[in-house]
Structures are given as C-alpha cells and as structure tokens.
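Below: the structure, in structure tokens.
The chains carry the letters A, B, C and D, assigned in the order they are written, with residues numbered from 1 in each.
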Amino acid sequence: MKKLAVDIGGLILQNPIMPASGAFGPEMNSVIDFNRLGAVIPKSITLSPRAGNATPRVCETPAGMINSIGIQSKGINYYMENVVPFFAQYQSPLISSLSAESVEEFGQIADIVAKNPNVSALELNISCPNLKGNGLAFGMDADLTYQLVRKVRDVTDKPVITKLSPNVTSIQEIAIAAQEGGSNALTVANTLLAMSIDVETRKPRIGNIMGGLSGPATKPVAIRLIYQVKKVVTIPIIGCGGVMTSDDAIEMILAGATAVQVGTASFIHPHAMVDIVKGIQTYMEHHNISDINELIGSVIID
Amino acid sequence: MKKLAVDIGGLILQNPIMPASGAFGPEMNSVIDFNRLGAVIPKSITLSPRAGNATPRVCETPAGMINSIGIQSKGINYYMENVVPFFAQYQSPLISSLSAESVEEFGQIADIVAKNPNVSALELNISCPNLKGNGLAFGMDADLTYQLVRKVRDVTDKPVITKLSPNVTSIQEIAIAAQEGGSNALTVANTLLAMSIDVETRKPRIGNIMGGLSGPATKPVAIRLIYQVKKVVTIPIIGCGGVMTSDDAIEMILAGATAVQVGTASFIHPHAMVDIVKGIQTYMEHHNISDINELIGSVIID
Amino acid sequence: MKAHQVKILINKQVSDRYYLLKVDISSIEEKIEPGQFFNLRCSDQLYPFLRRPISVYKINRYNQTLEFLYLVKGLGTKKLAQLKEGQILDMFGPLGQGFHLQDEYDTILLLARGVGIATLAALAQKASEDNRKVIGILSARSQNDLLSADYLSDMGVEIHKVTDEEGTSDINSVTYLIEEILQEYHIKALYTCGSKRLSRLMQEVARREQLPGEIALEEHMGCAMGVCFACVCDLNDGSTTKSVRVCVDGPVFPLEQVVIS
Amino acid sequence: MKAHQVKILINKQVSDRYYLLKVDISSIEEKIEPGQFFNLRCSDQLYPFLRRPISVYKINRYNQTLEFLYLVKGLGTKKLAQLKEGQILDMFGPLGQGFHLQDEYDTILLLARGVGIATLAALAQKASEDNRKVIGILSARSQNDLLSADYLSDMGVEIHKVTDEEGTSDINSVTYLIEEILQEYHIKALYTCGSKRLSRLMQEVARREQLPGEIALEEHMGCAMGVCFACVCDLNDGSTTKSVRVCVDGPVFPLEQVVIS
C-alpha cells in the first residue's frame, strides 16, 4: 500500500486531494463519495448573508473560465446549523473557508466557526477578487495579511490556512507575512483577476465586469507561485489552480505543495477528485514511490 | 473604405496590428508582407551581445506556451548595421524594442538607437521576466519605472512606448509612473511569470526553470490589465497577450487598446497578423464602423 | 446525476440553425422528466471548456432513446454539431426539477420561443400521452426555426405559429392570440420558456386569470450541480425575495414567483 | 516556406510506436530536400498548442507525395495519429537546411538512432538514387522500432541493425561496428541523427579519420522561422563559438562543429 497521508499544519489528511472552495458543496455527494477526499471545503462563508454579483457570473475562456460569484452566502447561522452538521457525517475533515470585509470581522467569524468541534481547520480567503468589485483583496498587502492572520490566530488553536492571491508583485512577501502572523499552512493560490468582452454585444461577458480566472490556463502560474513560496516558508502549501488530472496534482506536489485543491475540474468532470486520487496511486506505483511525502518539492533542478 | 489608422503617441500606424517583440524578425518576410503591418518590432536588443538562457527555451501549456529565451542578442552594433537597414526597406515604421540591465544602460542604448532616422519609436522592455533568472523586472517597481522612462525621455523626442509587466499588484501604479516619466504610450503587457514541470523526469520543462507565459490562456488577464490601465492614463495603450484572431484584437480595442501586438499566434499561424488585419476590416463592415478609433475603449458597461 | 457515456445514434441538421441529437440511454437508470436537462461535453478539448446545458426534447423509454434539439449558436454547440453517429457523448444528468402536471390540468397552454420550443416539446409529449388538451404557441425568427410544429401537431397539440419574419410575433399579436385561446378553451395551467418578453406576458396573464403556471429558465452555468451559485435567479413569493439556482432548484419554477430581470 | 493545407493520403500505424503519414504535395511548389522538415499542426485545438517539427522521410515528386515517419510520443503526436485519410493537414514548410552530398562522396556512412532513422532515410534515398554506396547503422530500442530497415535495404543500402533489446547498441559495440565498416569501405562522409551519445562517437570518428560529416539536430521549437531563438545550439569552428538556430541555420550542421551538450 502506498502512503498517501499528508500533514497540513497539524491536520492529517488521508490523501492530498481536496476541493477548492466555491467549487464544492453538499450537493456533490450524489456524484462522489466524500469519504474518499483528503478534506472537504465548502464555499467561503461570511458573517451576514450576502447576495453575490450580477449574472452572468461565469464565462469560459481558452482552457479556463472566469467567475464573479462574489461570495454569495447564507450567513454564518445557516452555515453552523446546516452545512457543518451535514459534513459531520463524513470522516474527511471539514475545513471552513471564511470571508470577511475587515480584519475585525475575520476575527469574529473565525471565533464562531472554530469553536465548533466538527470544524477541523479554517481557510482564510483573503484573496477573493470578487468581493469589492474592483479586484482588490486583503491578500495583496503584506501588513494587512499579517494583522488578519494574527487576529484569527488569537481566537483559535485550530490549524489556520491562508489562501493567497496570485495578483501580487511578490507572493513571497505575503506568504512570509502569513507565516509570521501564525498561519499553519498556505493555499497557493486563488484566481487570477481577469476580464472578457463579447465583441458582438461589446459587453463584458460577466455581470461584474472583472472576475477570477481558473482552470488549466492558469496552472503554469500556480506552479510558479508554489515553487516561489516553497523557497521562503516552512509551513506546508496547498496547491490550487488549474488541476484537471493526477499529473497536474503531482506537478504541484513536485513544485512544493503538500496537498492539492481541485476546483473548476469538477465542473467539467464531476468525478475528477476521486479520479485524481486514483491516478496519484498509479503514478506512485509506476515510479516506485512508497510515501507521497517523498515527492513534495522534489522537482529536480540541475 | 474603413479607416484603420491609429495614433500611438505621435506615431501614425496605417492599421493597429503589429508584432510583439521576440515573436518577429526579418526571416518572416518570406511568409507575410511587412508592408501590411501597422509597425514592425524586432526582438529586444541589448547594448552588448548576450547569450540567452539554457535550452529547452520553450514549452507548451494548455492554450499557451512558456518561453525563457532570455534576450539573446547580437548587441547594438549588429542591430544598427543589419537589422535597422533591413527594415528600412519597408514602409511600416520600425519600433525598436530595447532591453538593458540598468537605468543608465537604458539611457545609453536609447540614445544610440533613437538617433537613427530609420527608427520611428522605442519600446522599453522593462518587463522581461527572463533577464535576471528570478523573474524580477524593472517594471515591477513604480519608482524605477519612472526613473527609467525619464532617462530615456531625456535622450530622445521620438515616441517612447513602455512595455509593462503583468506580474504586479497594481499595474495602474506602474502605468502612471511611466506616463509621468514621459512615456508616449504603454504596451500592456508582457508575459505572465510561469513554470511547468515534467512529472516523468521531474525536471522543469524549460532550462531556465521559470519563464514567461503567452498565448490565448493569458488573454483574459491582458484584457483586464488594459481595462484597468485605460481608466488611469491618457496616453494610448498597445494591447498584448494572447491575441490569435481579429475578434481577440477587437476585444482588446474595446477594452481600451489603440493598437494590438500579436506574438505567439504567429508561431501557430505564421500568417496570423495579416489575417487579423483583414478580420478587423470585416468586423467593421459588419458593424458599420467607419473609423477604428470609434471602437477604442468602447466596451459597454451597464 | 452522473456523467454518462452514451452512444450517439443521430446528430443531424434539421433546419438552418438547428440540430437534432439522438442518443442511446439504455445505460441510464434514473427517471428523466420533461423540463430536466443534461450538461453536455461538446468536445474533449479545453476550448470550449465548460459543458453546455440542453433540455431533454423527446424521451423514449421503450426504445431507450433520448433526443435533444439544439440551436447552433457559439463554440460549444458548433463542436457538438460536429460529433458523428457512433461516437460517444459524455453527458451529465439528468439534472434539475422538471415540470409539474397536476391531474386537474386537463387543458394547458404552452408559449415557447426559439430553443424554448425544445424544452416545452417534452412537456407537450407527456401531456398528450396523458390525453390532455395541449395548445401551443410557438414563436421564432422564421418558419424555418419552427421545426417541432409538425411533430407536435401530429401528437395532437393545437399549434399556433408566430414569426418575426411574418410580423406575427410581436407582443400585441401574441397577447391577442392568447386572449382568443383563453376564450375558446378552459385553460388550467400555463407553461413558458425561451423569451423574457413573452414570460412577462405570461406572468401578466397568469395574474389576471388567476392561473397556475411554470416557467423554464436559462442561465449561464458553471457546475450544474448546485455548488457554484453561477446560475442564480430571484424568486419572490409576494413577501420575500430569495435567490435560487436554476440548475438544481430549477430550471422549472412557479411562473408567478420568478423575478424576470 | 508557407503554411500548406494538404490532403492526408495515409496515416497508419506501422509498428508499436511509429506511424507513417503520407500527404499530397501537388500544391507545394518549393523544392523539398532530405534533412528539411515541416512544422505540423497536429490538431486544430489550443492544446496541443505548438506545431510539431517532423523531418521529411520519403519525397516522391513523381507521384507528388511526401511521407513522414513519426514516433507517437506525447500529446502532439498522439493527436497527429488520430488524423484520418482524406482530412486536411496544415503543415508549415519546407523548413531549414538539408543535407549536403558532395559529388565526391561516393560512399557514405549513416548512423541513426530512433526517430533519426526517418531523417536519414530521406538522405539514403537521395544518395541511392545517385548510385552512391550507402552503409547505414540503425539503432533502436527494439527490432520493432527498426521499421525502415527493409525499405532502405530494398533501395540498396547496406543495413546494420543494433538494438537495446539484443544488447548490440551499446557504444562499444557500435564503435567496433564502425571500425569494421571503415576497414571494409572507403567511407567519404559521415551522417548522423537521433542520439547525442552516438553523435559524440561520430564526431570522434570524423576527427580521427579526418572525414567530413553532417548531423541533423533536434531542439524544441517555437516559431520554426528563425525569429524566436528557442531552438539554439552552439557551433565551434575551432576558434570561436557561435549560437545558431536549428530551425533555419539547421537542422543539418557540420558534424565537427556542433557542440553537443
């Protein structure tokens, strides 16, 4: 048997594959068996209910898609009463993705969510380009990132994962700030800020004008970001961006990721996550690797 | 007849289509008629000869490619004696793309090149991610950008075009710095810093480890950058990144570009630039647009 | 719901702009209802990238075949039209909530425009099989686009065709036509799909005549599984407005509640 | 050089790993030389994205056909292998500098490995047509990969096969084989393609025996038109090293000058 288990800042996952927030939810249980995932992460949740952005909220681009959902959320009460208990029936740990509009609010929501024994870890979505409408995010500023993570760190001992933005000059700086703020792991990364215009109607293809680019088109950027971050932090990295196949996941692990999130791929192949776990096993068999941890960051640089 | 001519900071182009530096050279004259292009821009040139990076220097990714050529250059003397005279035989204006390792050197090379009457404008490549091996570029810092452009401004009255990096937190800041430094136009943008690893060999797919991502995968990011820059500057924008078809070029123009560069597309369809010019004409006929300038920045935002 | 790999039996052009796709569904055990849809992978390429939602058009459980009627519009449907008989199609579904036909709805009026005809045809088929009286108003750009008219007539549906090219599809003409039908028949329920303008008209009729009704909506989709919240629209039950997902909560919704933007 | 749209006459598997592609070149006026290549668009998709360089294998101007022999390796060649007879192939070329066969080279030795066999086969064809004596050492993983051997034998080439599976392809065995051939024939020029290890060996032989020679190189390409500088390698003429482009300055270079990394 191949050892697939990995440790994300104290949280042990049976395998490195988990969904990306916003591309997963309870409804997918009729398509895949959640118990086969390393973890489950439902869509980012906010303190108060939020309406989300104008439709259309998605459009496709070459080898990718842009979304501007905008953290539509039923609020924390609904989440604690319905979503958390729902996922409690599965053995895969629940990582709660949190979104907020201020450092204070991040502290508040983290406090509420982390207290629930069925929540295993928190992911801080400080990088959503859809929140403020102009593509800006907390995760584009190192100081704010530090403060925000520190605030959350103060309210919980559970593993805190900070999800970084790729839309920055130096992701290394933000990664270090998050680590110093007390983050136990980093998700690298969220979507690339992007836009698409229909030349017939001359209108933006999504209601919110700009949105986040995801899918295979973005994988080369994600691989680069993981590689850069791995060099400057000691905490584990969760790779995210453009993974469709087990080879893509392994590429991220070679670049330095300890675990891998799969988002958009599930829209194209609803079964993708489970297939990827299987594919990783096959790869390890072919390459005679007994423990996936041997692969982490093992890209060969001459 | 449809009016296709545009004005790039004082340089009048017969049509908005020109090559992107590094994806064009004298050798292409056996494939397309250079007189049908809005301008010609050969590969970035440096003061002294440069060797370029280790091979492989290109690899493909979903809907795109990564390159790490690294400004291989025969130096300024060869350029002035061979390349400039070669392009002088065509009526399309020659824009010289310049690369250098310091602000001083940018001033020096700009001085030499701009003095030549056959050079119509300068493009400052302050955004090549392949120069220093770590993906860093002058164009990632607003102050440096300002100084660099100012230095070049001081040595010439010819139109100066600054080519920006997409790998920044705020391209608006850099765009404003370039405008204040005296740039007459902006190219938005260069390649996205990226990486790809072969999971069989576990090695990076290009010799230089990281490189620049170009091609259709990146177009949604380029469109967003153009849209953002257009809002904050008054000088014209040359869109660049992922254009394959005339619809792509028109998308950039709608987002705010006055002209459009075509790079990687020529590798796939050597005839791409000429086809795009034709396609733009057809589009204008279909949509009853008599002057391409009507289209610039005319995306409809509800 | 599941991604099924089904065999293509027919994929042919049936008018200027429409194709008919027929697949073998012997491997699909789930019940498939009128109003439901499948999310089709139009090619195995990365561009088109997303799947495309297409309603079920004809369901034949006896022969184990399912038909789709689709408009060739953009990249996805263009690629779909290139698939050949014998090839395998990857289709995810059946998805969403279908139409509701209460027992007492013995006479129903359908108002469909464009591709909406495909969606309502499945409902007409089911209603006709139950021996209900179905009156259908079909609206399209041109006669050429009204390809299901004969098929529906043959199953006993009373068809009224209106087209842009003949100048019979404007809102006034359709309003007048509906008035006539309401006078002639005792319509028990209204169903519509394919046009915002006509849907608003149907909402008015429903309100005025106090008739129940349903509408099948279209919205751009990401996951088609209810997890991404791309495909939302608003329902208003008179007091509160709530956001619902077309892919799982719909695509069929109560006519009177849908907030048409 | 130009992007030609040519008709595929044959595209079939000829061994475990190799395919043969035959196209109609009646629309191509340019001269096509052994050692030159075309840059093939393996599919009309965006992934594979780049074209793939493939050497000309058999040129038949009488029948206006051109053949390629290619190894199915990764995404591009996998897609290429899916193209069907009758379909149109977009191929850009002919590209690069071919081999030089001086008149006095009446007896030549070719050393080819793997896909390099395809490249040298075109040269062997031309040399044989000129009634030169051609001796070819073909190296491959297995006998199954040595598919051109019979074709070359039939045209009069003296073939020596060495394979990994039989343990005859190691550098010592090949060195020994070359010695024997050099003793038996008065070889006037050497040609090689397909293996760095064997190319170094040929360079040694050329130096020692003072023989002229040529090598066809492979390098990853971007533009294949000489503008992007992706495909560079170094030439050293004894005094200076210069960077050359495989796509336009090559792929065929003087054997002794190539710096094999």
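Heads up, the rule we're going with is that contacts are C-beta pairs under 8 Å (C-beta built on N, C-alpha and C of every residue); 3 or more make two chains touch, one makes a residue touch a chain.
The shown structure was predicted, so the numbers you read here are calculated from the model rather than taken from an experiment.
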| item | value |
| --- | --- |
| Two chains sharing the most contacts, counting C-beta pairs only | A-B |
| Far-end chain from chain B, centres as C-alpha averages | C |
| Gap in Å, rounded to a whole number, between the CA centres of chain C and chain B | 47 |
| Distance from chain D to chain B - Cα centre to Cα centre, in angstrom | 36 |
| Separation of chain C from chain D, taking each centre as the mean of its C-alpha atoms, in whole Å | 57 |
| Set of chain D residues in contact with two or more other chains | 46-47 |
| Residue numbers of chain A (touch at least two other chains) | 61-64, 216-217 |
| Residue ranges of chain A touching chain B (in the complex, touch as defined) | 61-64, 66, 135, 140, 167-169, 192-197, 199, 201-204, 209-210, 213, 216-221, 223-224, 227-228, 242, 247, 250-251, 254-255, 283, 298-302 |
| Residue ranges of chain D touching chain C (in the complex, touch as defined) | 45-47 |
| Of all residues in chain A, those that touch chain C in their complex | 22-28, 30-31, 43, 51-52, 55-65, 67, 69, 72, 215-217, 264, 266-271 |
| Chain B residues within the chain C interface of the complex | 62-63, 216 |
| List of chain C residues in touch with chain A within their complex | 1-3, 41, 46-51, 92, 219-233, 243, 248, 261 |
